[in-house]
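In what follows, chain A forms one complex with chain B and a second complex with chain C.
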Partner chain A sequence: MKSRKESNKNIRTIRKERLDRGARARSKDLYVLMSYEDIAYVILPRVLPPLILLAFPFIVRDTYWHMVFFLAGYYAVASMSWDLLGGFTGLVSFGHSLFIGFGGYFTAILNVWYGVPIWLSIPIGTLAGAAMGTLIFAPCLRTKGVYFSLVSLVAPLVMVGSILAFAEITGGEEGIYGLENPLTELQWYYIMAGLVLLTFLILRKIAYSNFGLVLQAIRDNEPSVKVSGINPVRYKVTALFISGLFASLVGSLQAHKLSFVGPSYFYLSISVGIITMSVLGGVATIIGPAIGAYILTILTEWLRWLGGLRMLLYGVILLILLNFKPEGIYRYLERTYQTFERQVVEE
Partner chain B sequence: MSKILRVENVTKRFGGIIAVKNVSFEVDEKEIVAIVGPNGAGKTTLLNIINGFVKPDEGRIYFRDRDITGLPPYKIAQLGISRTFQTPRPIHRLRTVFNIIVPLVSPRIKRTTGWFGDELVRAIDILEEVGFERDSEYLWKPAGLLPHGYLRRVELARALALRPELILLDELFSGLSSPEVRSIIPLLLKLRDRGLTLIMVEHRVKDVSEIADRVIVLHKGEKIEEGDPETVLKSERVLRVYLGGR
Partner chain C sequence: MLPILIYGTTLGFTLALIAIGLSLVFGVARIINFAHGAFFAIASYTLYLFFITLNIPLPVSMILALISTATISVVMYIISLSRVRGMELNEMIITLAFTIIVIELLRIYFGPSPLGVPSFMKGGITIAGYVVDMQRIFIVVISIATLAALAFLVKKTRIGIGMRALAQDEDAAMLIGVNREKMCIISLAISAILAGIAGVSVTPIMTASLEGAWYALLNGIAIVILGGLGSLVGSLIAAFIIGYAEIIIATYVSSHLKSIVALIFIIVILILRPSGIMGRHHEIEERV
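Entry: the complex of A and B
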């Protein structure tokens, strides 16, 4: 992963010779900066969104919207982590809520049953949640991706069943109440906003490292990875665990923020939401699923009166997207932004 | 001289079909061995057995006297056996250079070369060796967009990137024009001079007569002839298969 930086340097030197021949079109990470306008063009889309995210509580002071954005962040982190599996590795999970639920429950059990303080219950709960989810999925990684998808669909349902069956430990249908929550809404807002930015940076770094390259190779052509002397199962397990860490962390934070975990953490509607957001924003882009998460969460708030029909809404959006615009919002924006640039340069 | 590969009494059935039937042969270090035969003769299956994609029903495979029968493909690759596929299988959405980085990430590379340099430069070096221009546009295109002839070269580059000791080439020449074939032959000879051993699968004896040290003819899963190209070309049995069979 370290040598990737070196590699990028080399891409630049190799391509520099070709700047005058319109290298801009060949690579999205190469720019010829000649004016403040050019610099703004490159910098603004990278700096503006995080700035807005950080300044939002000062722009909109209504705590209700801070809570909505916390939820959007929760989905953004979960969807970006889903993208590492579904988008980059070709492991399409229909049950990413499994990690969220495990993270939440382990954290709750630690904090409430064993009195582990919040600053320990979150990291330990997160690790345990990711490990548990990985253990459940690992056996089906040897076979074709379809089996993984099927297991991912069934596993959270089994977990909900087990929670009800082992009510003495899990609290059954009522869940576990009384997790420590020493933070204000505004503090939670900033924790989540920071986590969204950090998750994006880390996952993008991973996705475009040599490790991520192998994941994409597994997605597109697993036999060719095997004959290249690489054990695909090892890579898949690692990707699963990394992805699970972020989803599990989100569940853990949610548990403390709400002072509650319940079977709803594992619900299919959460997993379907994550998939819909990822597809809406654009799969295999990391940032796309985050964009999708913010759009869809805010939309859902506006359409609150729909109530239980939300799942239906997600389903319909998903169907429409897959049929008519499978590239997603991010790729569309990117393309539009690039054509915009070309006109400016030609002047 | 020590044998790099020994195939002993290998048999593989798919349902009622016997794809490979009691085949045995040995390969010397730095040898170029061709396996030829008509469609369905069992050539690809034989390569699949050697590289671990297919487990034989009977028989054993030894690589440098080590029994590799039944090892998973990635382990066999790590030992130093790489291969190309009959239908080129690039990693479609990855740029061509990134296709070559995948084998460079394999533990075999770190183990055999102790090398932690720039994978990208190394990948471009290898692609240049198989005939790409260093500044070719194709290097940066998604591999799925390359023309067929280039895909064969990407296959070869991917197989070479693993720094193999033995390389299995499944119909490398098929679908290539004769100038293209002629441009690859010197490269294969150079690889052999560098110490590699090659097993080439092709359709006809004359495809490989220029380059192979030894030819093995498969027919309906059975080895029907083995020898140097001239002898095999004159063999009665081989003539009957190619003239009578089709």
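Entry: the complex of A and C
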């Protein structure tokens, strides 16, 4: 009892004052940049992550970890593109692997069956994949988001079945082997790292432009967008196509890197992984899903002994996060970054 | 021709049970329940557990399987869904996560390969020179009985009236004194039991498999969109359309293309008539 009384007294005398540093920095007195510490405070979080990403192959020379980071980048690009739909437009896609699969398959068909060189097959495959996915989803964009979510869950499951049905084009269960792969592991790493940075910059630009504003308005209140004389369907289709472009680009890169495409490109585990990473990192932040992707991919590599339990891990993470911590890692980091506590002695 | 009629009718009834549950939960509780396929799988596997592993007599183990399916659905609602009510996107992601967790746990406990359960009744009846096994007749009979019981529940009882009131106008129903949380739980349990009956009665034909969960969910979604979200009669009609179409495609074209039927139907109906066969257009604007 006594100790509690004492601690109560302490709380009364020493109070923690919360300061919002970001708000002060934005206000007129830019005292934040008065010292090197404060300059570092502003610059480091913006410069350090891309530097680490680019310098990583020189820090860790193990090729295995380069491959892991390639995979993490693959998921990062896919989940950032998911975020443009799920976070900003309110179209939660449960089948983002549809775009990845289409991108991979179109690239493989072009490269292997028609002998199109790699520098042409990737862009054409990407465009074709995004267009095909948009074509499938476009009919459900006239209604509200729920229909899109329902169809997006169905479509990749159906595609796995139809790949087996059209085995003479798609290679069936075995998939298509022998795509051109002229690059080394390190070059692939840098392509993916560059793509992650580029995707982040482009998607953030889009998400915070006027176009992105309309998308957020569609998410929050679609009738009001219609009232403003804007056709929401056109915006949704455009957002879907942009998002699909990035997703099918990683699909086609992956196809060339592995020299292989198969039904596994369409698997639900990829879509669920993307959703889990986005929710973990923080929805509607663009950078959040990328953070989530790197964390979760490295975590699953560490927990390799889990084997087939990866999906269970995703499910449990999703359930716990959505129930108890739906804000995600990025918003938490942002909050702690912008506030700091100072001990103030009263009296 | 006759085999298509027979197989299509059985499949149609099974799919109708699955889809009506999905539609009911959407109409009453406004939840898009992606865990519906998991209920189907839970019922199949618990039937296997009680009937084969524990050797409990068939009628008892069927009832136990249904009870455990309903219990799991209610537990899911209480521990997790009730926390995010009203946040549509989180509800959908949580039910999907729940499906994944259930399927992975079933995979760990029962192993990945499908498990067979013997037919409930041996023999068959000859109709126009074609032998129909008793299991299929059992499916049709029990489905009709279930649907009749459901119709009675929805039309005549207090619970059913409360559900319909909630589906029509949530605020007005709550003003009159309908307990929304209770109705949501009841409708979820009923839908789980419907999916469970489908799962239990189909298990001897289709075996208890993990793919069954996705199959049920995929077709349930297709039927619900085709029939109009929240419309029970529409779901019933759409279930038979999709059931017959799948059997026809599987017989004459390729069994791999069976699943693409669902997607084609969804896309065509969304282009031609987004509210579904029986859905009214203004309902789309308000609810969905």
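The rule we apply is simple: the second predicted complex is superposed on the first by the 305 of 347 C-alpha atoms of A that agree within 3 Å, B and C clash if a C-alpha of one lies under 4 Å from a C-alpha of the other, contacts with A are read in each partner's own complex, and residues count from 1 in each chain.
Following the convention adopted for this analysis, a contact is a pair of C-beta atoms (placed from the backbone, for glycine too) under 8 Å apart; a residue touches a chain by one contact, two chains touch by 3 or more.
Since this is a predicted model, take the numbers as computed values, not measurements.
Asks: Applying the document's definition of touch, where does A:F266 land relative to chain B and chain C: first, second, both, or neither?
Replies: Neither partner.
Asks: I'd like to know which partner A:G161 touches here: chain B for first, chain C for second, both or neither.
Replies: It touches chain C, and chain B stays clear.
Asks: On the superposed three-chain arrangement, identify whether chain B or chain C touches more chain A residues.
Replies: C
Asks: Just to be sure I read the superposition right, which of the two partners does A:V146 touch: chain B = first, chain C = second, or both, or neither?
Replies: second
Asks: By the touch definition at the top of the document, which applies to A:P326: first (chain B), second (chain C), both, or neither?
Replies: The answer is second: A:P326 touches chain C but not chain B.
Asks: Quick check for you: in the superposed arrangement, does A:N210 touch first (chain B), second (chain C), both or neither?
Replies: In the superposed model, A:N210 contacts chain B only, not chain C.
Asks: In the overlay, answer first, second, both or neither for which of chain B and chain C A:Y75 touches.
Replies: neither
Asks: Name the contact category of A:P232: first (chain B only), second (chain C only), both, or neither.
Replies: first
Asks: For the complex, give me every residue of chain B touching chain A.
Replies: 51, 53, 72-75, 77-78, 82-83, 85, 89-94, 98-99, 101-103, 105-109, 116-121, 124, 135, 137, 140, 158-159, 161-162
Asks: In the complex formed with chain C, which residues of chain A make contact?
Replies: Residue positions touching the partner: 86, 90, 92, 94, 136, 139-140, 142-147, 149-151, 153-155, 157-158, 161-162, 164-165, 268, 272, 275, 279, 308-309, 311-312, 314-316, 318-319, 322-323, 326.
Asks: Which residues of chain C touch chain A once you look at their complex with the stated criterion?
Replies: 32, 34, 80, 83-84, 88-90, 92-94, 96-101, 103-105, 107-108, 214, 217-218, 221-222, 224-225, 229, 254, 256-260, 262-263, 266-267, 270-271, 274, 284, 288
Asks: Please give the residue numbers of chain A that touch chain B in the complex, ascending.
Replies: Chain A residues touching chain B: 3, 6-7, 10-11, 14, 17-18, 26-27, 210-211, 213-214, 216-217, 220-221, 223-232.
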